[in-house]
(Lines give C-alpha, C1' and ligand atoms only; values in the text may rest on other atoms or scores of the structure.)
Protein backbone atom coordinates (compact mmCIF):
# COMPACT_ATOMS: atom_id res chain seq x y z
CA UNK A 1 0.00 0.00 0.00
CA UNK A 2 1.40 3.37 -0.95
CA UNK A 3 1.86 6.22 1.57
CA UNK A 4 -1.15 8.48 1.97
CA UNK A 5 -0.72 12.26 1.71
CA UNK A 6 -3.26 14.85 2.71
CA UNK A 7 -3.59 17.98 0.62
CA UNK A 8 -5.82 21.03 1.03
CA UNK A 9 -8.04 22.23 -1.79
CA UNK A 10 -9.79 25.61 -1.92
CA UNK A 11 -13.22 25.69 -3.56
CA UNK A 12 -16.09 28.11 -3.82
CA UNK A 13 -18.81 27.05 -1.39
CA UNK A 14 -21.33 26.76 -4.21
CA UNK A 15 -19.08 24.51 -6.30
CA UNK A 16 -18.46 22.28 -3.29
CA UNK A 17 -22.20 22.02 -2.66
CA UNK A 18 -22.86 20.99 -6.25
CA UNK A 19 -20.07 18.42 -6.14
CA UNK A 20 -21.33 16.94 -2.88
CA UNK A 21 -24.77 16.63 -4.47
CA UNK A 22 -23.38 14.82 -7.49
CA UNK A 23 -21.23 12.34 -5.58
CA UNK A 24 -24.07 11.50 -3.22
CA UNK A 25 -26.22 10.74 -6.28
CA UNK A 26 -23.42 8.55 -7.68
CA UNK A 27 -23.24 6.60 -4.43
CA UNK A 28 -20.00 7.92 -2.91
CA UNK A 29 -19.88 8.04 0.87
CA UNK A 30 -16.55 9.84 0.96
CA UNK A 31 -15.43 13.02 -0.79
CA UNK A 32 -11.74 12.10 -0.96
CA UNK A 33 -12.64 8.85 -2.70
CA UNK A 34 -14.66 10.77 -5.31
CA UNK A 35 -11.85 13.26 -5.93
CA UNK A 36 -9.30 10.44 -6.23
CA UNK A 37 -11.54 8.76 -8.80
CA UNK A 38 -11.88 11.83 -11.03
CA UNK A 39 -8.12 12.43 -10.75
CA UNK A 40 -7.43 8.83 -11.83
CA UNK A 41 -9.91 9.17 -14.68
CA UNK A 42 -8.16 12.35 -15.88
CA UNK A 43 -4.74 10.72 -15.63
CA UNK A 44 -6.02 7.70 -17.53
CA UNK A 45 -7.29 9.90 -20.39
CA UNK A 46 -3.88 11.50 -20.69
CA UNK A 47 -2.00 8.19 -20.46
CA UNK A 48 -4.10 6.64 -23.24
CA UNK A 49 -3.37 9.50 -25.66
CA UNK A 50 0.06 7.99 -26.16
CA UNK A 51 -0.23 5.05 -28.61
CA UNK A 52 2.79 3.43 -26.93
CA UNK A 53 1.20 3.31 -23.45
CA UNK A 54 0.51 -0.06 -21.87
CA UNK A 55 -3.17 -0.71 -21.42
CA UNK A 56 -5.84 -3.29 -20.88
CA UNK A 57 -8.97 -3.22 -23.01
CA UNK A 58 -12.28 -4.86 -23.65
CA UNK A 59 -13.54 -5.16 -27.20
CA UNK A 60 -17.29 -5.68 -27.48
CA UNK A 61 -18.48 -7.31 -30.68
CA UNK A 62 -22.09 -7.92 -31.65
CA UNK A 63 -22.31 -10.44 -34.45
CA UNK A 64 -24.61 -12.84 -36.19
CA UNK A 65 -23.36 -16.29 -35.27
CA UNK A 66 -24.85 -17.68 -38.48
CA UNK A 67 -22.19 -15.79 -40.43
CA UNK A 68 -20.04 -18.28 -42.24
CA UNK A 69 -16.76 -18.99 -40.49
CA UNK A 70 -16.90 -15.82 -38.42
CA UNK A 71 -16.20 -17.62 -35.15
CA UNK A 72 -13.21 -19.30 -36.78
CA UNK A 73 -11.86 -16.03 -38.11
CA UNK A 74 -12.25 -14.37 -34.71
CA UNK A 75 -10.45 -17.24 -33.00
CA UNK A 76 -7.67 -17.15 -35.58
CA UNK A 77 -7.20 -13.40 -35.09
CA UNK A 78 -6.98 -13.95 -31.34
CA UNK A 79 -4.50 -16.78 -31.66
CA UNK A 80 -2.29 -14.81 -34.00
CA UNK A 81 -1.65 -12.52 -31.04
CA UNK A 82 -1.53 -15.05 -28.19
CA UNK A 83 0.19 -12.72 -25.73
CA UNK A 84 -2.51 -10.14 -25.80
CA UNK A 85 -5.84 -11.88 -25.45
CA UNK A 86 -6.48 -12.59 -21.77
CA UNK A 87 -10.04 -13.87 -21.79
CA UNK A 88 -13.14 -13.99 -23.91
CA UNK A 89 -16.73 -14.08 -22.78
CA UNK A 90 -19.53 -15.05 -25.12
CA UNK A 91 -23.17 -14.15 -24.52
CA UNK A 92 -26.24 -15.12 -26.55
CA UNK A 93 -28.39 -12.04 -27.13
CA UNK A 94 -31.16 -13.54 -29.25
CA UNK A 95 -31.69 -16.14 -31.96
CA UNK A 96 -29.26 -14.40 -34.34
CA UNK A 97 -27.01 -12.19 -32.30
CA UNK A 98 -24.14 -12.83 -29.91
CA UNK A 99 -22.06 -10.48 -27.83
CA UNK A 100 -18.42 -11.35 -27.45
CA UNK A 101 -16.28 -9.46 -24.96
CA UNK A 102 -12.56 -9.91 -25.54
CA UNK A 103 -10.13 -8.69 -22.89
CA UNK A 104 -6.70 -7.80 -24.26
CA UNK A 105 -3.46 -6.37 -22.90
CA UNK A 106 -0.81 -4.50 -24.85
CA UNK A 107 0.09 -1.12 -26.25
CA UNK A 108 -2.72 1.27 -27.11
CA UNK A 109 -1.88 1.23 -30.82
CA UNK A 110 -1.76 -2.58 -31.02
CA UNK A 111 -5.08 -2.86 -29.21
CA UNK A 112 -6.70 -0.38 -31.59
CA UNK A 113 -5.38 -2.24 -34.62
CA UNK A 114 -6.64 -5.58 -33.35
CA UNK A 115 -10.05 -4.11 -32.46
CA UNK A 116 -10.27 -2.63 -35.97
CA UNK A 117 -9.52 -6.01 -37.56
CA UNK A 118 -12.19 -7.72 -35.48
CA UNK A 119 -14.84 -5.09 -36.14
CA UNK A 120 -14.24 -5.15 -39.89
CA UNK A 121 -14.90 -8.89 -40.21
CA UNK A 122 -18.00 -9.66 -42.28
CA UNK A 123 -20.85 -10.51 -39.94
CA UNK A 124 -19.67 -8.30 -37.09
CA UNK A 125 -22.43 -5.72 -36.76
CA UNK A 126 -21.05 -3.47 -34.06
CA UNK A 127 -17.68 -3.17 -32.44
CA UNK A 128 -16.76 -1.06 -29.44
CA UNK A 129 -13.43 -0.60 -27.80
CA UNK A 130 -12.91 0.42 -24.18
CA UNK A 131 -9.34 0.95 -23.06
CA UNK A 132 -8.08 1.59 -19.55
CA UNK A 133 -4.51 2.34 -18.55
CA UNK A 134 -2.75 -0.23 -16.39
CA UNK A 135 -0.58 2.21 -14.47
CA UNK A 136 -3.35 3.32 -12.17
CA UNK B 1 -32.08 -13.66 -42.57
CA UNK B 2 -33.57 -10.39 -43.59
CA UNK B 3 -34.16 -9.38 -47.23
CA UNK B 4 -31.27 -7.54 -48.85
CA UNK B 5 -31.90 -4.28 -50.68
CA UNK B 6 -29.49 -2.52 -52.96
CA UNK B 7 -29.39 1.27 -52.91
CA UNK B 8 -27.33 3.71 -54.94
CA UNK B 9 -25.24 6.39 -53.26
CA UNK B 10 -23.67 9.37 -55.04
CA UNK B 11 -20.29 10.53 -53.74
CA UNK B 12 -17.54 12.83 -54.90
CA UNK B 13 -14.71 10.77 -56.42
CA UNK B 14 -12.23 12.21 -53.93
CA UNK B 15 -14.40 11.36 -50.89
CA UNK B 16 -14.85 7.80 -52.20
CA UNK B 17 -11.08 7.46 -52.64
CA UNK B 18 -10.43 8.59 -49.07
CA UNK B 19 -13.08 6.23 -47.72
CA UNK B 20 -11.68 3.27 -49.68
CA UNK B 21 -8.26 4.09 -48.23
CA UNK B 22 -9.61 4.15 -44.67
CA UNK B 23 -11.59 0.92 -44.89
CA UNK B 24 -8.66 -0.94 -46.47
CA UNK B 25 -6.53 0.22 -43.54
CA UNK B 26 -9.22 -1.00 -41.12
CA UNK B 27 -9.24 -4.41 -42.79
CA UNK B 28 -12.53 -4.33 -44.70
CA UNK B 29 -12.59 -6.28 -47.95
CA UNK B 30 -16.01 -5.01 -48.97
CA UNK B 31 -17.30 -1.45 -49.21
CA UNK B 32 -20.95 -2.34 -48.50
CA UNK B 33 -19.90 -4.05 -45.28
CA UNK B 34 -18.06 -0.91 -44.16
CA UNK B 35 -21.01 1.36 -44.97
CA UNK B 36 -23.39 -0.99 -43.14
CA UNK B 37 -21.12 -0.87 -40.10
CA UNK B 38 -21.01 2.94 -39.90
CA UNK B 39 -24.78 3.06 -40.42
CA UNK B 40 -25.28 0.61 -37.53
CA UNK B 41 -22.89 2.58 -35.36
CA UNK B 42 -24.82 5.81 -36.10
CA UNK B 43 -28.16 4.10 -35.32
CA UNK B 44 -26.73 2.70 -32.11
CA UNK B 45 -25.64 6.16 -30.93
CA UNK B 46 -29.15 7.47 -31.51
CA UNK B 47 -30.82 4.47 -29.86
CA UNK B 48 -28.71 4.82 -26.72
CA UNK B 49 -29.63 8.48 -26.25
CA UNK B 50 -32.97 7.28 -24.93
CA UNK B 51 -32.57 6.17 -21.28
CA UNK B 52 -35.45 3.71 -21.76
CA UNK B 53 -33.81 1.81 -24.62
CA UNK B 54 -32.87 -1.83 -24.11
CA UNK B 55 -29.15 -2.38 -24.20
CA UNK B 56 -26.31 -4.68 -23.28
CA UNK B 57 -23.24 -3.28 -21.62
CA UNK B 58 -19.84 -4.09 -20.24
CA UNK B 59 -18.64 -2.33 -17.12
CA UNK B 60 -14.86 -2.38 -16.66
CA UNK B 61 -13.64 -1.94 -13.12
CA UNK B 62 -10.01 -1.69 -12.05
CA UNK B 63 -9.68 -2.26 -8.32
CA UNK B 64 -7.29 -3.19 -5.59
CA UNK B 65 -8.30 -6.65 -4.44
CA UNK B 66 -6.81 -5.98 -1.03
CA UNK B 67 -9.60 -3.49 -0.38
CA UNK B 68 -11.61 -4.70 2.54
CA UNK B 69 -14.82 -6.45 1.51
CA UNK B 70 -14.84 -4.91 -1.95
CA UNK B 71 -15.36 -8.24 -3.70
CA UNK B 72 -18.26 -8.94 -1.35
CA UNK B 73 -19.84 -5.57 -2.01
CA UNK B 74 -19.48 -6.00 -5.76
CA UNK B 75 -21.08 -9.44 -5.60
CA UNK B 76 -23.90 -8.13 -3.45
CA UNK B 77 -24.59 -5.30 -5.88
CA UNK B 78 -24.72 -7.80 -8.74
CA UNK B 79 -27.01 -10.17 -6.88
CA UNK B 80 -29.38 -7.38 -5.97
CA UNK B 81 -30.11 -7.13 -9.69
CA UNK B 82 -30.01 -10.79 -10.73
CA UNK B 83 -31.82 -10.29 -14.01
CA UNK B 84 -29.30 -7.88 -15.34
CA UNK B 85 -25.88 -9.37 -14.76
CA UNK B 86 -25.13 -11.93 -17.47
CA UNK B 87 -21.50 -12.79 -16.83
CA UNK B 88 -18.44 -11.53 -15.04
CA UNK B 89 -14.81 -12.01 -16.01
CA UNK B 90 -12.01 -11.39 -13.57
CA UNK B 91 -8.41 -10.75 -14.63
CA UNK B 92 -5.33 -10.24 -12.44
CA UNK B 93 -3.40 -7.21 -13.69
CA UNK B 94 -0.59 -7.15 -11.14
CA UNK B 95 0.05 -7.82 -7.47
CA UNK B 96 -2.51 -5.23 -6.38
CA UNK B 97 -4.87 -4.62 -9.26
CA UNK B 98 -7.64 -6.62 -10.85
CA UNK B 99 -9.80 -5.92 -13.84
CA UNK B 100 -13.37 -7.07 -13.63
CA UNK B 101 -15.59 -6.97 -16.70
CA UNK B 102 -19.28 -7.25 -15.91
CA UNK B 103 -21.75 -7.82 -18.75
CA UNK B 104 -25.25 -6.55 -18.02
CA UNK B 105 -28.56 -6.28 -19.88
CA UNK B 106 -31.33 -3.83 -19.22
CA UNK B 107 -32.47 -0.30 -19.87
CA UNK B 108 -29.82 2.34 -20.52
CA UNK B 109 -30.73 4.27 -17.35
CA UNK B 110 -30.62 1.19 -15.11
CA UNK B 111 -27.27 0.17 -16.53
CA UNK B 112 -25.84 3.65 -15.93
CA UNK B 113 -27.10 3.67 -12.35
CA UNK B 114 -25.58 0.26 -11.61
CA UNK B 115 -22.26 1.22 -13.21
CA UNK B 116 -22.20 4.36 -11.08
CA UNK B 117 -22.79 2.37 -7.90
CA UNK B 118 -19.97 -0.02 -8.74
CA UNK B 119 -17.51 2.71 -9.68
CA UNK B 120 -18.16 4.65 -6.49
CA UNK B 121 -17.28 1.75 -4.20
CA UNK B 122 -14.18 2.41 -2.12
CA UNK B 123 -11.24 0.60 -3.66
CA UNK B 124 -12.51 0.81 -7.23
CA UNK B 125 -9.92 2.96 -8.97
CA UNK B 126 -11.35 3.28 -12.44
CA UNK B 127 -14.73 2.44 -13.90
CA UNK B 128 -15.70 2.51 -17.53
CA UNK B 129 -19.04 1.81 -19.11
CA UNK B 130 -19.55 0.67 -22.67
CA UNK B 131 -23.12 0.26 -23.84
CA UNK B 132 -24.36 -1.18 -27.10
CA UNK B 133 -27.94 -1.31 -28.30
CA UNK B 134 -29.50 -4.73 -28.70
CA UNK B 135 -31.79 -3.89 -31.62
CA UNK B 136 -29.06 -4.09 -34.20
CA UNK C 1 -17.65 36.25 -5.40
CA UNK C 2 -18.71 33.18 -3.53
CA UNK C 3 -17.23 32.15 -0.16
CA UNK C 4 -14.15 29.95 -0.36
CA UNK C 5 -14.01 26.71 1.62
CA UNK C 6 -10.94 24.61 2.23
CA UNK C 7 -11.29 20.84 2.25
CA UNK C 8 -8.74 18.11 2.86
CA UNK C 9 -8.24 15.28 0.41
CA UNK C 10 -6.29 12.08 1.08
CA UNK C 11 -4.37 10.61 -1.83
CA UNK C 12 -1.72 7.96 -2.35
CA UNK C 13 1.67 9.64 -2.72
CA UNK C 14 2.18 8.02 -6.12
CA UNK C 15 -1.20 9.22 -7.43
CA UNK C 16 -0.45 12.74 -6.24
CA UNK C 17 2.93 12.68 -7.97
CA UNK C 18 1.34 11.60 -11.26
CA UNK C 19 -1.32 14.29 -10.97
CA UNK C 20 1.24 16.99 -10.24
CA UNK C 21 3.15 15.87 -13.33
CA UNK C 22 0.06 16.08 -15.51
CA UNK C 23 -1.08 19.50 -14.34
CA UNK C 24 2.40 20.95 -14.73
CA UNK C 25 2.39 19.69 -18.33
CA UNK C 26 -1.04 21.27 -18.85
CA UNK C 27 0.25 24.61 -17.58
CA UNK C 28 -1.37 24.81 -14.15
CA UNK C 29 0.59 26.65 -11.49
CA UNK C 30 -1.80 25.73 -8.71
CA UNK C 31 -3.13 22.34 -7.64
CA UNK C 32 -6.43 23.64 -6.22
CA UNK C 33 -7.15 25.34 -9.54
CA UNK C 34 -6.60 22.05 -11.39
CA UNK C 35 -8.84 20.11 -9.01
CA UNK C 36 -11.56 22.77 -9.26
CA UNK C 37 -11.40 22.49 -13.05
CA UNK C 38 -11.83 18.72 -13.15
CA UNK C 39 -14.66 18.99 -10.62
CA UNK C 40 -16.40 21.58 -12.81
CA UNK C 41 -15.88 19.43 -15.89
CA UNK C 42 -17.42 16.42 -14.10
CA UNK C 43 -20.39 18.50 -12.93
CA UNK C 44 -20.86 19.86 -16.43
CA UNK C 45 -21.01 16.35 -17.90
CA UNK C 46 -23.72 15.41 -15.43
CA UNK C 47 -25.68 18.63 -15.96
CA UNK C 48 -25.73 18.16 -19.73
CA UNK C 49 -27.16 14.64 -19.49
CA UNK C 50 -30.51 16.23 -18.74
CA UNK C 51 -32.08 17.40 -22.02
CA UNK C 52 -33.93 20.15 -20.11
CA UNK C 53 -30.76 21.77 -18.72
CA UNK C 54 -29.88 25.29 -19.78
CA UNK C 55 -26.71 25.44 -21.80
CA UNK C 56 -24.64 27.44 -24.22
CA UNK C 57 -23.21 25.75 -27.28
CA UNK C 58 -21.08 26.24 -30.34
CA UNK C 59 -22.03 24.45 -33.54
CA UNK C 60 -19.18 24.10 -36.03
CA UNK C 61 -20.20 23.63 -39.64
CA UNK C 62 -17.84 23.04 -42.54
CA UNK C 63 -19.59 23.71 -45.84
CA UNK C 64 -19.02 24.45 -49.48
CA UNK C 65 -20.13 28.03 -49.97
CA UNK C 66 -20.88 27.33 -53.62
CA UNK C 67 -23.81 25.18 -52.50
CA UNK C 68 -26.98 26.70 -53.84
CA UNK C 69 -28.83 28.77 -51.26
CA UNK C 70 -27.11 27.12 -48.33
CA UNK C 71 -26.18 30.43 -46.69
CA UNK C 72 -29.80 31.53 -47.04
CA UNK C 73 -31.10 28.31 -45.51
CA UNK C 74 -28.67 28.58 -42.60
CA UNK C 75 -29.67 32.18 -41.97
CA UNK C 76 -33.34 31.25 -42.13
CA UNK C 77 -32.87 28.44 -39.62
CA UNK C 78 -31.11 30.83 -37.26
CA UNK C 79 -33.77 33.49 -37.61
CA UNK C 80 -36.55 31.00 -36.97
CA UNK C 81 -35.10 30.71 -33.46
CA UNK C 82 -34.08 34.34 -32.78
CA UNK C 83 -33.75 33.90 -29.01
CA UNK C 84 -31.16 31.22 -29.23
CA UNK C 85 -28.53 32.32 -31.69
CA UNK C 86 -26.12 34.69 -29.95
CA UNK C 87 -23.40 35.18 -32.53
CA UNK C 88 -22.03 33.64 -35.69
CA UNK C 89 -18.44 33.70 -36.93
CA UNK C 90 -17.57 32.85 -40.50
CA UNK C 91 -14.10 31.78 -41.60
CA UNK C 92 -12.84 31.01 -45.11
CA UNK C 93 -10.89 27.76 -45.07
CA UNK C 94 -10.00 27.46 -48.76
CA UNK C 95 -11.46 28.18 -52.18
CA UNK C 96 -14.45 25.93 -51.56
CA UNK C 97 -14.84 25.49 -47.83
CA UNK C 98 -16.02 27.74 -45.03
CA UNK C 99 -16.21 27.18 -41.31
CA UNK C 100 -19.15 28.71 -39.53
CA UNK C 101 -19.26 28.74 -35.74
CA UNK C 102 -22.71 29.46 -34.36
CA UNK C 103 -23.09 30.21 -30.66
CA UNK C 104 -26.50 29.35 -29.25
CA UNK C 105 -28.19 29.38 -25.85
CA UNK C 106 -31.13 27.29 -24.76
CA UNK C 107 -32.08 23.88 -23.47
CA UNK C 108 -29.84 20.94 -24.33
CA UNK C 109 -32.54 19.22 -26.37
CA UNK C 110 -33.38 22.35 -28.39
CA UNK C 111 -29.73 22.94 -29.13
CA UNK C 112 -29.27 19.36 -30.30
CA UNK C 113 -32.30 19.58 -32.57
CA UNK C 114 -31.12 22.82 -34.13
CA UNK C 115 -27.60 21.47 -34.62
CA UNK C 116 -29.07 18.40 -36.32
CA UNK C 117 -31.11 20.56 -38.70
CA UNK C 118 -28.07 22.59 -39.66
CA UNK C 119 -25.81 19.58 -40.16
CA UNK C 120 -28.34 17.82 -42.37
CA UNK C 121 -28.58 20.70 -44.87
CA UNK C 122 -27.27 19.76 -48.30
CA UNK C 123 -23.80 21.19 -48.73
CA UNK C 124 -22.87 20.99 -45.05
CA UNK C 125 -20.00 18.50 -45.00
CA UNK C 126 -19.29 18.24 -41.30
CA UNK C 127 -21.14 19.38 -38.24
CA UNK C 128 -19.92 19.30 -34.67
CA UNK C 129 -21.70 20.33 -31.53
CA UNK C 130 -20.01 21.41 -28.34
CA UNK C 131 -22.25 22.15 -25.38
CA UNK C 132 -21.28 23.63 -22.03
CA UNK C 133 -23.55 24.10 -19.04
CA UNK C 134 -24.24 27.67 -17.97
CA UNK C 135 -24.58 26.97 -14.26
CA UNK C 136 -20.87 26.77 -13.67
CA UNK D 1 -16.43 20.62 -58.15
CA UNK D 2 -15.19 17.06 -57.96
CA UNK D 3 -16.56 14.29 -60.21
CA UNK D 4 -19.52 12.39 -58.78
CA UNK D 5 -19.45 8.61 -58.65
CA UNK D 6 -22.38 6.34 -57.99
CA UNK D 7 -21.84 3.20 -55.94
CA UNK D 8 -24.22 0.43 -54.95
CA UNK D 9 -24.61 -0.59 -51.33
CA UNK D 10 -26.35 -3.78 -50.12
CA UNK D 11 -28.24 -3.51 -46.84
CA UNK D 12 -30.74 -5.60 -44.96
CA UNK D 13 -34.22 -4.18 -45.49
CA UNK D 14 -34.70 -3.70 -41.75
CA UNK D 15 -31.43 -1.79 -41.35
CA UNK D 16 -32.34 0.46 -44.27
CA UNK D 17 -35.74 1.16 -42.72
CA UNK D 18 -34.17 2.13 -39.40
CA UNK D 19 -31.65 4.37 -41.13
CA UNK D 20 -34.35 6.09 -43.21
CA UNK D 21 -36.25 6.73 -39.98
CA UNK D 22 -33.22 8.27 -38.31
CA UNK D 23 -32.25 10.56 -41.17
CA UNK D 24 -35.80 11.79 -41.59
CA UNK D 25 -35.78 12.69 -37.88
CA UNK D 26 -32.47 14.50 -38.35
CA UNK D 27 -33.90 16.53 -41.22
CA UNK D 28 -32.24 14.91 -44.23
CA UNK D 29 -34.26 14.90 -47.45
CA UNK D 30 -31.77 12.74 -49.32
CA UNK D 31 -30.25 9.39 -48.35
CA UNK D 32 -27.01 9.91 -50.29
CA UNK D 33 -26.42 13.17 -48.45
CA UNK D 34 -26.82 11.40 -45.10
CA UNK D 35 -24.44 8.58 -46.07
CA UNK D 36 -21.86 11.10 -47.36
CA UNK D 37 -22.08 12.92 -44.02
CA UNK D 38 -21.46 9.86 -41.88
CA UNK D 39 -18.59 8.84 -44.20
CA UNK D 40 -17.02 12.30 -43.81
CA UNK D 41 -17.49 12.15 -40.05
CA UNK D 42 -15.75 8.74 -39.92
CA UNK D 43 -12.88 10.01 -42.09
CA UNK D 44 -12.55 13.08 -39.90
CA UNK D 45 -12.25 10.95 -36.73
CA UNK D 46 -9.45 8.96 -38.35
CA UNK D 47 -7.66 12.06 -39.69
CA UNK D 48 -7.64 13.72 -36.28
CA UNK D 49 -6.02 10.72 -34.60
CA UNK D 50 -2.74 11.83 -36.14
CA UNK D 51 -1.29 14.71 -34.06
CA UNK D 52 0.43 16.04 -37.20
CA UNK D 53 -2.81 16.45 -39.19
CA UNK D 54 -3.88 19.94 -40.23
CA UNK D 55 -7.09 21.00 -38.55
CA UNK D 56 -9.31 23.87 -37.59
CA UNK D 57 -10.69 24.07 -34.10
CA UNK D 58 -12.87 26.05 -31.76
CA UNK D 59 -11.88 26.36 -28.13
CA UNK D 60 -14.76 27.28 -25.82
CA UNK D 61 -13.78 28.93 -22.56
CA UNK D 62 -16.14 29.89 -19.76
CA UNK D 63 -14.47 32.33 -17.41
CA UNK D 64 -15.12 34.92 -14.76
CA UNK D 65 -14.24 38.25 -16.35
CA UNK D 66 -13.51 39.67 -12.90
CA UNK D 67 -10.44 37.42 -12.70
CA UNK D 68 -7.37 39.60 -12.47
CA UNK D 69 -5.59 40.02 -15.76
CA UNK D 70 -7.19 36.96 -17.29
CA UNK D 71 -8.26 38.77 -20.47
CA UNK D 72 -4.72 40.07 -20.85
CA UNK D 73 -3.22 36.64 -20.39
CA UNK D 74 -5.62 35.13 -22.92
CA UNK D 75 -4.80 37.83 -25.45
CA UNK D 76 -1.09 37.36 -24.86
CA UNK D 77 -1.38 33.59 -25.41
CA UNK D 78 -3.23 34.23 -28.67
CA UNK D 79 -0.70 36.79 -29.88
CA UNK D 80 2.20 34.51 -29.13
CA UNK D 81 0.81 32.25 -31.86
CA UNK D 82 -0.45 34.86 -34.36
CA UNK D 83 -0.65 32.46 -37.30
CA UNK D 84 -3.05 30.15 -35.59
CA UNK D 85 -5.79 32.24 -34.11
CA UNK D 86 -8.30 33.12 -36.82
CA UNK D 87 -11.06 34.81 -34.88
CA UNK D 88 -12.42 35.19 -31.38
CA UNK D 89 -16.01 35.72 -30.33
CA UNK D 90 -16.89 36.92 -26.85
CA UNK D 91 -20.32 36.45 -25.29
CA UNK D 92 -21.59 37.66 -21.90
CA UNK D 93 -23.38 34.84 -20.13
CA UNK D 94 -24.30 36.56 -16.88
CA UNK D 95 -22.94 39.12 -14.43
CA UNK D 96 -19.81 37.04 -13.76
CA UNK D 97 -19.33 34.66 -16.62
CA UNK D 98 -18.24 35.06 -20.21
CA UNK D 99 -17.97 32.58 -23.03
CA UNK D 100 -15.10 33.05 -25.41
CA UNK D 101 -14.92 31.02 -28.61
CA UNK D 102 -11.50 31.03 -30.21
CA UNK D 103 -11.10 29.64 -33.73
CA UNK D 104 -7.63 28.33 -34.49
CA UNK D 105 -5.87 26.57 -37.36
CA UNK D 106 -2.80 24.40 -37.16
CA UNK D 107 -1.67 20.89 -36.41
CA UNK D 108 -3.76 18.79 -34.03
CA UNK D 109 -1.00 18.62 -31.43
CA UNK D 110 -0.35 22.39 -31.47
CA UNK D 111 -4.06 23.09 -31.13
CA UNK D 112 -4.34 20.71 -28.16
CA UNK D 113 -1.35 22.31 -26.44
CA UNK D 114 -2.74 25.82 -26.89
CA UNK D 115 -6.20 24.75 -25.68
CA UNK D 116 -4.57 23.22 -22.61
CA UNK D 117 -2.70 26.42 -21.82
CA UNK D 118 -5.88 28.49 -22.10
CA UNK D 119 -7.96 26.13 -19.99
CA UNK D 120 -5.37 26.02 -17.21
CA UNK D 121 -5.33 29.80 -16.70
CA UNK D 122 -6.63 30.81 -13.29
CA UNK D 123 -10.20 32.04 -13.66
CA UNK D 124 -11.05 29.83 -16.62
CA UNK D 125 -13.79 27.57 -15.27
CA UNK D 126 -14.44 25.29 -18.19
CA UNK D 127 -12.58 24.67 -21.41
CA UNK D 128 -13.74 22.57 -24.34
CA UNK D 129 -11.96 21.80 -27.55
CA UNK D 130 -13.67 20.86 -30.78
CA UNK D 131 -11.42 19.97 -33.70
CA UNK D 132 -12.43 19.30 -37.29
CA UNK D 133 -10.13 18.20 -40.09
CA UNK D 134 -9.63 20.63 -42.96
CA UNK D 135 -9.18 18.05 -45.70
CA UNK D 136 -12.86 17.32 -46.04
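All chains are identified by letter, namely A, B, C and D, in their written order; residue positions are counted from 1 within each chain.
As a convention for this text, a contact is a pair of C-beta atoms (placed from the backbone, for glycine too) under 8 Å apart; a residue touches a chain by one contact, two chains touch by 3 or more.
What you are looking at is a predicted structure, and each value in this text was computed from that prediction instead of being measured.
Listed by label, the chains touching subunit A and subunit B alike form an empty list. By residue number, more than half of the contact pairs of A-C reappear in one of the listed pairs A-B, C-D or B-D, namely B-D. Subunit C has its Cα centroid 25 Å from the Cα centroid of subunit B. One finds 9 Å separating the Cα centroids of subunit C and subunit D. In subunit B, the residues touching two or more other chains are 36, 40.
If you draw each protein chain as a dot and join the dots that touch, you get one closed loop, with every dot joined to exactly two others.
Against subunit A, the residues of subunit C that register as touching in their complex are 1-16, 18-19, 22, 31-32, 35-36, 38-40, 42-43, 46.
Looking at the complex, you find that subunit A touches subunit B at residues 1, 23, 26-30, 33-34, 36-37, 40-41, 44, 56, 58, 60, 62, 66, 86-87, 89, 91, 93-94, 97, 99, 101, 103, 116-117, 119-122, 124-128, 130, 132-134, 136.
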